[in-house]
Amino acid sequence: MRGITKRFPGIVANDNISFSVKKGEIHALLGENGAGKSTLMNVLFGLYQPEEGEILINEKPVKITSPNVANELGIGMVHQHFMLVETFTVTENIVLGNEPKSGLQIDIKKAVKAVEELSNQYGLKVDPNAKIEQISVGMQQRVEILKTLYRGADILIFDEPTAVLTPQEINELIEIMQSLVKEGKTIILITHKLKEIMAVCDSVTIIRRGKVIDSLKVKDTNPDDLAAKMVGREVNFSVDKQEAQPKGPILQVENVVTRGNRGVNALNGISFEVRSGEILGIAGVDGNGQSELIEVLTGLRKADSGRVLLNGKDITNHTPRDISESGLSHIPEDRHKRGLVLDFTMSENMVLETYFHPTFNKNGFLDYAAIDKHAAKLIEEFDVRTPSIHTPARALSGGNQQKAIIAREVDKNPDLLIAAQPTRGLDVGAIEFIHRRLVDQRDKGKAVLMLSLELDEIINVSDRIAVIYEGKIVGIVDAKSTTEQELGLMMSGGNRKQGGGTDE
Amino acid sequence: MNKAIAIFTKESFLVPVIAIILGLLVGAIAMLAGGFNPILAYTALVEKVFGSAYNFGETIRQITPLIFTGLAVAFAFRTGLFNIGAEGQFIVGMVAATTVGVAFELPAIIHAPLAILAGAIAGGLWGSVAGYLKAKRGVNEVITSIMMNWIALYLANWVMNSFFVPKGQQRSEMVHDSAIITITWLSQMFDNARLHWGTLIAVLAAIFFYVIMWKTRTGYELRAVGLNPHASEYAGMNVNRNVIKAMFISGLFAGIGGAAEILGVFHYQAILTAQPGYGFDGIAVALIGGNTPIGVILGAILFGILSFGAAGIKFTAGVPVELIRVVIASVIFFVAAHGIVKVFVKPILKKKEGGN
Amino acid sequence: GSKTEAPQGQTGNAGGTEGAAPAAAARVGMVTDVGGVNDNSFNQSAWEGLQKLRTDLNLPEGNVNFLQSTSDADYVPNLTQFVKDGWDLTWGIGFLMGDHLKKVADENPNSKLAIIDAEVDAPNVESVLFKEHEGSFLAGVVAAKMSKTKKVGFVGGVEIPVIKRFELGFEAGVKAADPSVEVIKIYTGFFDKPDEGKSAASQIYGQGADIIFHAAGGTGDGVFNEGKNRKSKGEDVWVIGVDKDQSLTFGDDITLTSMVKRVDEAVHRVSKDVIDGKFEGGKIVWLGLAEDGVGLADTSSKNVPEDVLKLVDEYKEKIVKGEIKVPAE
Amino acid sequence: MDWATVASNLVHDTIVFSTALIFAALGGLYSERSGVVNIALEGMMIIGAFTGAVITNVIQDSGSIAPWIGFIAAAIAGAIFALPHAVASITFKADQVVSGVALNFLAAGLAVYLTKIIYNGAGQTTTLTEVFDKWEIPGLAEIPYLGHALFEAYPTSFLAFIIVFLTWFLLFKTSFGLRLRAVGEHPRAADTVGINVKRMRYIAVMISGALAAMGGATITLTTTSNFSHNTISGQGFIALAALIFGKWHPAGAMGAALFFGIAQAIKALVQVYGLTQYVPTEFIFMLPYVLTILVMAGFVGRSSAPAALGKPYETGSR
């Protein structure tokens, strides 16, 4: 790609970007949130038309006017937000747009066979007849990869493929990528995870604010160097924090049972406690009851039995408002669905849970001046980059949206802060900031409950780590003394530690 | 505040204006195609509306219910609901006002307000049925409100036939004078045009809309729930209650509209053979007005002028009154597809900038 | 301030009449309900009456005109339009316009108005009503005499006094001619929905009736459709039309006879009276068999046998003489 | 009167009344399955009813072929009439509800306006002399009761049922259908595999117009024999309700349409049997609507619309 420039209203997303990828390599694209990586790849895939610049494939200039053209040129893209039709089967998704036919009908049998063949060839296990809405995220990603392979892609673009995967799935994906390269495919990988770049990539291009900073061989660099190039300053990876000074329990969860969306028990008598002045991390493979646990704790889902105590007060099945007012804050895992009203202004979003407090609400009338002042303060304090407090939340980048949510939740000065996937999809700079905030909260003597699918994060940030498996805590370990191996084993249901509960 | 005055900002003001011009042009083309003289017709329209005090007064009468139903539709829109049932809410508002107006005898100072209040509450409750079914049973409010329109129509007729219509008549008895909200002196000033306090109430309702929606805690919740129910639930709002509340307030507007029509215009209720149509027209009004209260008032004025003036173009230029529907449709269409309008707006904006 | 007599820029239909009408020429207007002047029913009939007036008196085209209402709220401004414009006579067509016409009449005491099918008590309004029950009685006699299945049907529009008169008269006629004949009745609730009429007719024929009398305006078109459909399948069914001679519209292979209501005559006569200076404000005119305001269509002899027509004439005489009193409500 | 005859008549009438709704609901199905809200079914039916009546009227001297030509003309007119909705909501990314409302107004105005111009100021077309005659399926129609109920109907009714089947086949068995549904569920996904989202939606909206117009023409060419301002009067909205009620599935939409048809047929039946003595007529008139609400609230509950319904699609390529 040569001299690519792509502008959006008010922003130059790609500013004269040139970079090249060699055949058969895995090339990483690294950059902060909003650096312009996705935009660049969308240009390559024909979803956006650049204002300037040209693209060459095998040294021949090409015009990629639509994804169709990209497909024909052998470019396939695995998008971060999967491009899968939830209500279709795996096979239907894969063959969509390229269906084998017999007469007027789609030849579904032939399609299934083609899918099976491909999946065997590349070791991508899928159930061809399962509906997308029924399969795991990891499996969905394999479907995405199969989709590109089915179309005969030679160049595969992965946009943040690991952000949504469990450690096991990440390992599998890395193997898949390596086998793809062996088969002669070329891969462009967008990721924020430097470890992954070091592990699988051959070369890396770093983008900052729409410009290429550097392009180099992975073996000639190291994570600190990459991070510095990406952010423009030194980044501290290990969260430096004092020894925790835990005191009495803030949150006590006793034998909670609840049904999940599919009717079976998602929580099977889960028990644990979080003490003031500590960060409890909950590790586990996605789908083992994490989401349901948070929903029960925050009042969004009913517990069938068991008790939840906050500061000794029973809050089981209380309303979300009641629980929030009792001193619990929650950074939701899906910021777009739960965390923000995207069409509200930033100002309005900053009081989403407190608008009715006397500070903002006078006899049913809202004091917008007070709200604006409050918002301006938070935005300043948490360095949320937004053109103005009256900008709709929708217009902010993901990282800044997340910062805003954290500002709002931390500002409530809760006794317990629940942080679910607090850094998903964020760049290292933002991650550092958020981790810092969680630790600050702990140091103020508050309790923090963090759920994350990323073991690194869990191990780095938590003081104690509880492992959830099939709706139960199967063990609690000290973060300082545990290893990824140990956690991984517990997460897969092996080696259940005894006394899995709390140390009462 | 921004939202309410957004309609006056350069582009968002120009779009409807150009849409109206384009709509009138489409109408002119349709008239030429039908062998009529569009200039004569539009002149007749203007003359009809502004040519005599009586007709001008009657135009105001025509505009008033449109403001109410427009507000009803717009309010629901703002909270993420499509209230296609303003029609039914309007009808039950009429029934309630008639009931209070005919069945009770009270001092005027209480009677008329009570009758209006009854209409408001009836409309609100009728609307909240759709809200309730949506909230509790997940039934699409579009379907329920369409059905509720027809139920309202027949229910109204049943109530009238059973309790209020004298034998051999097709309408209820007159409401008592104490419940009537006609402004007699103003009416006389306008040559007996049927002017009533409902018009003032309509303007107050628009202000009420604005205040509730953008100044109060209730409005904040209603908007949040409409824009993102999941986040609202997370933030501790009762989503279901807010959906019902939104439909209640929406229905309130339409209900007052119905009550005002009875107490101010007809003074009795007739057996209905068809939907009065104000509810559906209210959808158009809300859409032309960009679902803002000021927009609704302006939209209702436009709509009212066009539809009242239609009789003028029939009378003078022989053009079928339905032509006006074509014009209104085109206006809505161009407002909706403002992308098309912007094609026309751009050069104008450019010229202005160049001039400055 | 009002400027009631403001000269309209131009009066006249499309194309207009350039040389303005002679000052003395009379102008008569009418206001219709939503049905409009081509409803195959009394609006149309009334308009035909005015057209006839125009040709008879050789009036310019713009001197008779109509305004169609799109809702109840339109009646008053539409009537007022003619009144304020100084037209010599303004007609309101239909029962439903009664109250509205009264209001306009009271507010404009110097104007002249007239109404069909409703009683309006005002010194400047002449009301014309019809004894539909008398005519319908005769239709009932024909139906009873000619039904092979001993079942006949009635399809009504909206259940208002006018239509009730049709129903009661028809039933009385049937029972008078043959008490063993059963009458099946349906009110569709609409005057302008042929599909409802068709459904009603289908049900009634399905019950074994072979003749249906309708008093449902445009809804009645559906009754004819259903009848025709069945006739083409070989069923021996008939429809009795209403208001006008409907065999002219639907053909005499399906139209047994029609109960004609001479709205056109009435409109023509009263309008002419006004022009001749013989307007009788405040008067309520009832037109029945005696006045030839109602009756069976002249074309009846096509399908109705001689003996039945003779019987009809006998009944007619008795009614006119007052020997039979047909129930009206 | 035996109950078998009553039932037979009831089913027969139900089919007559449901046919137009089936056409229109199927029309809505195509559009909405592709992600474009179609609240303009009402308007499209009006255009179909109008065109069907006028064209048939003009050529009715040519005999029993006339209604067929009118019917086809209606379908074409409907497809053309749907075009502005497609342009606004697909190309110009307008609010689809607003655009639909505009079309409803336009149809109501335009059709009557043209009628008045064509028929000398009359609010309706003259009564058609040539309309569809009922067909009897040889052999089957002679079966007692069942024959009258099911095998004696207007050709449009048979056609409607055939189109229900064809739609099901097209939607769930062919690649066109797979693509159409993909566009309605996840247009971006469809786009990235090379499906022309906009073109699919244009096609769907135009099919929608054609089918809804056929529904409208069915009414003028079977039950009313003329077109007037209230020939359709709300049936497009009922069809929309049937579509949602039927969960955007061809068979479901058909079932819902039949449900409305039966309620309408019962209305007349109840009067014939003199039940109005016990129940006021108004309550009988209300019946279909009350039943719909009860059924929706009681049994159907949350219905799942196509995921991308109502959302304009931005390619980003501009």
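Every chain is named by a letter (A, B, C and D) in the order it is written, and numbering of its residues begins at 1.
Convention: contacts are C-beta pairs under 8 Å (C-beta built on N, C-alpha and C of every residue); 3 or more make two chains touch, one makes a residue touch a chain.
Fair warning: this is a prediction, and the values are worked out from it, not measured in the lab.
Enquirer: Farthest from chain B by Cα centre, which chain is it? Let me know.
Expert: Comparing chain centres, A lies farthest from chain B.
Enquirer: Can you check how far apart chain A and chain D are, centre to centre, with Cα atoms defining each centre and the answer in Å?
Expert: Averaging C-alpha atoms per chain gives centres 45 Å apart.
Enquirer: Taking each chain's centre as the mean position of its Cα atoms, how many Å separate chain A from chain C?
Expert: 75
Enquirer: What whole-Å value do you get for the distance between chain B and chain C if each is reduced to the mean of its CA atoms?
Expert: Chain centres of chain B and chain C, defined by C-alpha means, are spaced 35 Å apart.
Enquirer: Check each residue of chain B and list the ones that touch at least two other chains.
Expert: Chain B, residues with two or more chain partners: 35, 274.
Enquirer: Quick check on chain D: which residues sit in contact with 2+ other chains?
Expert: Residues 121, 229-230, 233, 285 of chain D each touch two or more of the other chains.
Enquirer: Please set out, as single numbers or ranges, the residues of chain A touching at least two other chains.
Expert: Nothing qualifies.
Enquirer: On the basis of the stated criterion, which chains touch which? Give every pair.
Expert: A-B, A-D, B-C, B-D, C-D
Enquirer: If we count contacts the way the header does, which residues on chain B are in touch with chain C in the complex?
Expert: 35-36, 40, 43-44, 47, 51-55, 58, 61-62, 167-171, 191-192, 194, 261, 265-266, 268, 270-271, 273-274, 276-277, 307-308, 310-311, 314-319, 321
Enquirer: Can you check the complex and tell me which residues of chain D touch chain B?
Expert: Interface residues on the chain D side: 39, 84, 87-89, 91-95, 97-99, 101-110, 112-114, 116-117, 121, 229-230, 233-234, 237-238, 240-241, 244-245, 280, 282-283, 285-286, 288-290, 292-293, 296-298, 300-303.
Enquirer: Show which residues of chain A lie in contact with chain D when the two form their complex.
Expert: 42, 45-49, 65-68, 71, 77, 79, 82-88, 92-93, 96-99, 101, 104-106, 147, 151
Enquirer: Sort out for me which residues of chain D touch chain A in the complex.
Expert: 173-175, 178-179, 181-182, 185-186, 188-195, 307, 315-318
Enquirer: Would you mind writing out the residues of chain B in touch with chain D in their complex?
Expert: Where chain B meets chain D, its residues are 30, 34-35, 82, 84, 133, 137-140, 142-144, 146-148, 150-151, 154-155, 157-158, 161-162, 274-275, 283-284, 287, 320, 322-330, 332-333, 335-340.
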